[in-house]
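Can you read through this structure? Questions will come right after.
For reference, chains read A, B, C and D in written order, and residue numbers begin at 1 within each chain.
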Amino acid sequence: MNNTARIIKNDLSLVLCGGAGQGIQSVEQFLVKILAREGFYIYATKEYMSRVRGGSNSTTIRISSHPKRAPVARMDILIPLDDKALEHMAPRLSAETVVFGDEEAVKPPRDASWRFVDIPFSKAAIEIGGPVFANMIAAGFLAGLMGVAKAISQSLLETFFAGAGADIIAKDAAALERGYDEAAKVLERNIIAVEIDRHENRSGDILINGAEAVALGALAGGCDFIAAYPMSPSTGVLTFLAGQSLDFEIVVEQAEDEIAAINMMLGAWYAGARAMVTTSGGGFALMEEALSLAGVSETPAVIHLAQRPGPATGLATRTEQADLNLVLYAGQGEFPRVIFAPGTLEEAAALTRRAFDLADRFQVQAFVLTDQYFMDTYYTLRSLDVGADPLARHIEETDESYRRYRITEEGVSPRGVPGFGDGLVVADSHEHTEDGHITENLQVRPEMVNKRLRKLDLLRQEALPPLVTGDEGAEIAVICWGSTYPIVQEALAGMARPDVCLVSFSQVYPLSGETKDLLGRARKIIAVEGNATGQFSRLIALEMGFNVHGKLLKYDGLSFTVEEVIEGLSRILSEGV
Amino acid sequence: MNNTARIIKNDLSLVLCGGAGQGIQSVEQFLVKILAREGFYIYATKEYMSRVRGGSNSTTIRISSHPKRAPVARMDILIPLDDKALEHMAPRLSAETVVFGDEEAVKPPRDASWRFVDIPFSKAAIEIGGPVFANMIAAGFLAGLMGVAKAISQSLLETFFAGAGADIIAKDAAALERGYDEAAKVLERNIIAVEIDRHENRSGDILINGAEAVALGALAGGCDFIAAYPMSPSTGVLTFLAGQSLDFEIVVEQAEDEIAAINMMLGAWYAGARAMVTTSGGGFALMEEALSLAGVSETPAVIHLAQRPGPATGLATRTEQADLNLVLYAGQGEFPRVIFAPGTLEEAAALTRRAFDLADRFQVQAFVLTDQYFMDTYYTLRSLDVGADPLARHIEETDESYRRYRITEEGVSPRGVPGFGDGLVVADSHEHTEDGHITENLQVRPEMVNKRLRKLDLLRQEALPPLVTGDEGAEIAVICWGSTYPIVQEALAGMARPDVCLVSFSQVYPLSGETKDLLGRARKIIAVEGNATGQFSRLIALEMGFNVHGKLLKYDGLSFTVEEVIEGLSRILSEGV
Amino acid sequence: MGQFDAIGKEISWCPGCGNFPILNALKSALEGRELKPRDVVLVSGIGQAAKLPHYMIANVFNGLHGRSLPVATGIKAANPGLTVIAVSGDGCMYGEGGNHFLHAIRRNPDITMIVNNNMVYGLTKGQASPTSPLGLKTPIQIEGVTEIPFNPVAIAIAAGASFVARSFAGDADRTRKLIDMAIGHKGFALVDIFQPCVSFNKVNTYQWFKDNTYAIEDSHDAGDPMAAMALALREDRLPLGLFYRREGRSSFEETLPAFRRDKRPLYDRPMDLSRLRKLIDKKRTAR
Amino acid sequence: MGQFDAIGKEISWCPGCGNFPILNALKSALEGRELKPRDVVLVSGIGQAAKLPHYMIANVFNGLHGRSLPVATGIKAANPGLTVIAVSGDGCMYGEGGNHFLHAIRRNPDITMIVNNNMVYGLTKGQASPTSPLGLKTPIQIEGVTEIPFNPVAIAIAAGASFVARSFAGDADRTRKLIDMAIGHKGFALVDIFQPCVSFNKVNTYQWFKDNTYAIEDSHDAGDPMAAMALALREDRLPLGLFYRREGRSSFEETLPAFRRDKRPLYDRPMDLSRLRKLIDKKRTAR
């Protein structure tokens, strides 16, 4: 145990751990808000069990003077809130960690290799009015440690608890105060010193999580209809849009099951809405037949799928990237689709918007593939681009000669909607004639198949290229997709290997033609993926003809940490790939 | 038009065409039975519309002195039964075709390039007692043409219509007789001569279609439970097993939907049954979540999927091979599976049996992937192997220490069933501990993932290699899978290209290691597939690293014909691939 | 020749099929209501009955087996001005689609659900359907149906449907009239129509339906759920007519905030980016 | 300490959750029937209620959200000697699983269906379930539920269920007794149990259920479907007890030819290849 002051410079990793219902989330939200206002860069993510009370959940908050957007294993400060927290966090505890906790509640071991500092969170809470106030003591304590002026915290407290009774607010204020007092003592005792530059002009950043970013992107895409069946970790998008349904006049419907949800969405698009569903792998598996219906009937569709570990129910509140194949090959028969996998919150908004646009323009099914880690991660952003102009609606007024599936060179037929014009809009699940009626004419069949498949070429032309971090001509290319992007990026930054560049994909299908050039330059390709079989590596091999020489895979239900990626890549690199 | 006698030697292609409800099927069944008894090799296949009455359907029967197991475009004889038949068959009519029909009913054009011979099927039927008897006149006519002794036809007639009223039987007999008379006249007029060697010892061959072959294979696999929801073209398997349910004591249940069907199957396997479902692409799409449940809970499953053209409803009664990807990647999350795609009826039986065996031994999900063409095709077989010994049931009596998911080196845990022994059998859809209980222990997670994935190695070791027809060392390898095998085989036999061999796959996943050697020898690979995107070619590229240089694809709803394959391969070969 | 008539269309039903008179009844009900084909959307699933929309002039969404109701709901919620009619078979609506039936009733969108109930799976050639009578032998139910027939009328009433009626295809006038009333009803309206299948159901023939049905007495109070239920549970003879109607309940679309201030269909609304920018600004952490 | 008690198991329900008394009632009903854990299979879906089997000693199949009934049916049909109990939440059984509910009733397998009905989606944190009361506000139903609550008891009776009961988790004795009767009933038996969710349903609390339920009078004739229906449709106060029971109907397994001559479970039967060879010989075309 090390008793000299621990000095933390410019990048603090702070962890709160306790049971569901213990109020970690309030501490987190309070802190994150106030620290963002102070001008720090803030990043937070959490991991939690599939239960409503108890268990062990944790939140990791990074407070930094430069943007950090990835989870680290390292804990500079840990606040355990109950007696299971230390065991739960054991794999991440190190000699560097300073643990602040209520000795009686937390029961730290005597022989720990890390420093434990007794702060009477629980005892003091009971004095104030009950155990529930422990979390505001912790909030005050941490705000104090970070040097936030007490008055600022107090004023946030009032807006934070607006609506609560005066008595509750008074007690929370007392708890906050008490936290500040404890912080002052700790600072006095020179146990820890936190030195992180503030950026005055950053106060005013946008603070959102992945679910909000997708939902805001949907609004930017003109979403006016969402049907869904709740399923972790995808429900946040539904909840957010439900919350906006009055202001934005969105039709929000919780369906009886996923099959109903997607069929409602298709009905809505058919009638001219811009609709989406949000689900996870198991829910999406149920939607596949209707995806195929969207394919044959050329009904646009936007599907947000937040991945979690499978098979089946798997780990309901954990993360994984193992539903890429599911989405790539979903639905009987053959038809094109487009799949985005945002790596950053900015991308999540922009790509969800783009999903609406492509679905509408090409009458295809567009996926936004995220995961639990991404949904539950938030950080500060300077701005969020929602497009300069509203997206056009790609429908046209019909006349009597209208034929829904007119064969055109590029494969897209003008889309009419019922009631808009004199034409009739006939959409069909069977193979059909140009006017949408069921046919068994076997000459028409291949023409219609080809028409539908031609749209894949259009999607290919519009495909977004991967992003390169580092030297484009580097010998070794590390590839990743979706939510792992900022994690691998920070890891590579930490590794200082000029011979390695990162090629990260936020569009995973169809792949941009530029991929070939970008990866063609590398002598070796290493993939980082959150699954057990390297699904994206296989796609790269299949679509681009490149072999992936090394794979860093993770499938224990947690996202990668920066340290894990550094360690894993170093190992692979040292093995000469 | 050619008026000299048309002489058909050893390989006759006979086509019947008419509306649904016109009794083509009776003629076909009658003829096929009687001709098989006569010692001919018989092959028959049909194409039909998705309706119960009317439309235009046709059956092609090949009668030969050597085994033929593939459809030909060529029609030596066409019997049109209504005025739409000639138009329907127009693409296959040629100067070689002799058309026998009732001039008034069929309305042949005056300027046809083929020979039309007026046979008063309809008129004579009305004289006998009504239009329904036309089909028995046609049957008698054809039996007469083929030189079947009248007495033999008459005796079959009685067993064929056993149960019908005496009056009906008498009229059918008269119709048969009338057909023989007409045949005698035609032979007298020297319009046609059919010279096909009979093989006395072949009389007694087994005559079954694809649906029956799968169902018999299921029985050979010990199937004692089937749950299904009707869906063309997969229903034949359900119907056959339902017909046997009393004799074989099979639980047969028509479920309310496909989701119920597969969940019932899983319940049944859990309790110790050997169960299956039968469905088509759209029905299977609905089953995917439960497939994933089977994967995580390591519940065996046998799934027969008869493909039809998609997307969605597509062409309900037509054929395609476009659900390979669907099956390969079905279900959220990652877990192994095995996929068979029989090319012959013998293989259908053997591989369905094998599907039960592997599902049971390795607690995996085994697929038998067929298609409408295969289901509706029948021919004569000398024998059908159902195994020398009954398959063992891979369950064990449990004791109190029993843990359903005990981690073993090879990945397979001993399987107990409830009520058999003192142990408790706990199956779970979540990630679980060895004893089957829900867990959020993130150390257990990867162990269980790895355990499940290890079973893929076992499946790989047991994988059946592809079959090679022709010279193993040939420069050019043509590859095909599933039902196309006999078609491509006959085509290649007709092409006389010693530099080309056929490598046909009846197991499509996982691929046998021998594939690499077999395909490695070829300079060029050409694939023949019944889909638009070359799904199997992509799998070969992905799994084996071979490029497929040329593809012959068909997706108009019909199976390939021998002529089409010859023409297509010749074109590809002449283009230097 | 009405505006909903598709002239010269080849119809693939069997001659004598009970679907023909239902098609006619639907067309004449629509004519009678003076609707235009462009304002009507017919939604169907898969089956013989589900082909019906292809034989009319109207907007059509012919979707998946069992899934017509959610599609119809989505259409209605995106454009409440359309007249939306879901029409399909008994297997489609009560078998594969049973869950949507239950929940569409709860949701109460202003759509009409027409079920051509032939008590058999027609298109797939004669397997039992949920409404098949006990004992019906089929190639799958070789010893006859043993599962209790699905009683759509009773279940709809129990589930709280706001309009529940039953007709018989052989009774053209009643069928037209009930369809007309159902379209006129605000909210979810079920019209279950006995439909002889001449090819696969040799038990429930035209004659059988004539012999086993009767018109609900004028004295029946369609506002009384228990009276409606008593009729619905009758098994000796099957009542035809309006079993139950409850007026005044808000339709699904009426409960949607999206149409509270603005009655335009969703496709006809401009996108407002400034509203979105304001929302994003609310996510700023500035003091 | 009974044989069904899992000692030392960590239970992940919230303190005070209505699932605890239901777990106890089920265990004591099983003890009371002198069943052995090895002969009992608990089948569940996904949700808070669906975790229940993990907290007992018995055979367990914890499957997918909404799909416990078909799994239970498959188990029972493969081994009719097992006591099969499906237990899950209201969302699982009546939402995602609604179609199986309807058709399991028609099929009538001898299984017990227990629904821990908390009128909310617990595990996914508080969205409305099919049984949520009108007006309940949730993060999704922000203006309150507008869809008519699903009435499982009325629908089960309308669908022809052979045993329909309702209890309240706060009434331990009744719950145990009704579960016991349901297990004893030959055929499909529904026990819907009002279960307070202390975390997400602040309307339907223990107190609310106490105030709004009452025990069905002894005078009620549970053999009379119309009387049962009248109780089921009551909305002012919700009756608890046995609504309806019909005895004497064959269970699904009893109708299966597979068990007519041979009572052994399927796993215990040898395979007979000679029978198959004979069948194949029938397909020979020899004269």
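Keep in mind that, in the parts below, contacts are C-beta pairs under 8 Å (C-beta built on N, C-alpha and C of every residue); 3 or more make two chains touch, one makes a residue touch a chain.
A quick note: this is a predicted structure, and the numbers were derived from the prediction, not measured.
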Please tell me whether A-D or A-C has the greater number of C-beta pairs in contact.
A-C
If chain centres are mean C-alpha positions, then the most distant from chain D is chain B
Centre distance in Å when chain B and chain C are each reduced to the mean of their C-alpha atoms:
37
Chain-centre distance (mean CA atoms) for chain A and chain C, in whole Å, is 41
Between chain C and chain D, tell me the centre distance in angstrom, where each centre is the average of that chain's C-alpha atoms.
30
Residues of chain B touching 2+ other chains?
49-50, 55, 245-246, 256-257, 259, 282, 289, 293, 297, 312-313, 316, 429-430
Please output the residue numbers of chain C that touch at least 2 other chains, ranges allowed.
46, 63-64, 95-96, 98-99, 102-103, 107, 130, 143, 257
Residue numbers of chain D touching chain A in their complex, please.
12-15, 46, 48, 63-66, 95-96, 98, 121-125, 127-128, 130, 139-143, 199-200
The residues of chain D that touch chain C in their complex are 95-99, 102-103, 105-108, 130, 143, 146-151, 154-155, 157-160, 225-226, 229-230, 232-233, 250, 252, 255, 257
Under the definition above, what is the set of chain B residues touching chain A in their complex?
49-50, 55, 259, 280-282, 284-286, 288-289, 291-293, 295-297, 309-316, 318, 320, 322-323, 325-326, 328-335, 429-431, 440, 442-443, 445-446, 449-450, 452-453, 531-533, 538, 541-542, 555-558
Chain C partner, complex, touching residues on chain A are 33, 36-37, 152, 155, 203-208, 212, 216, 219-220, 222, 224-225, 227, 244-251, 253, 255-257, 259-261, 263-275, 289-290, 293, 297, 380, 384, 386-387, 389-391, 393, 395, 417-430, 436-438
State the interface residues of chain C toward chain A in the complex, per the touch definition above.
37-39, 41, 43, 46, 51, 54, 57-64, 67, 69-79, 81-82, 99-100, 102-103, 107, 256-262, 265-273, 275-277, 279-280, 283-287
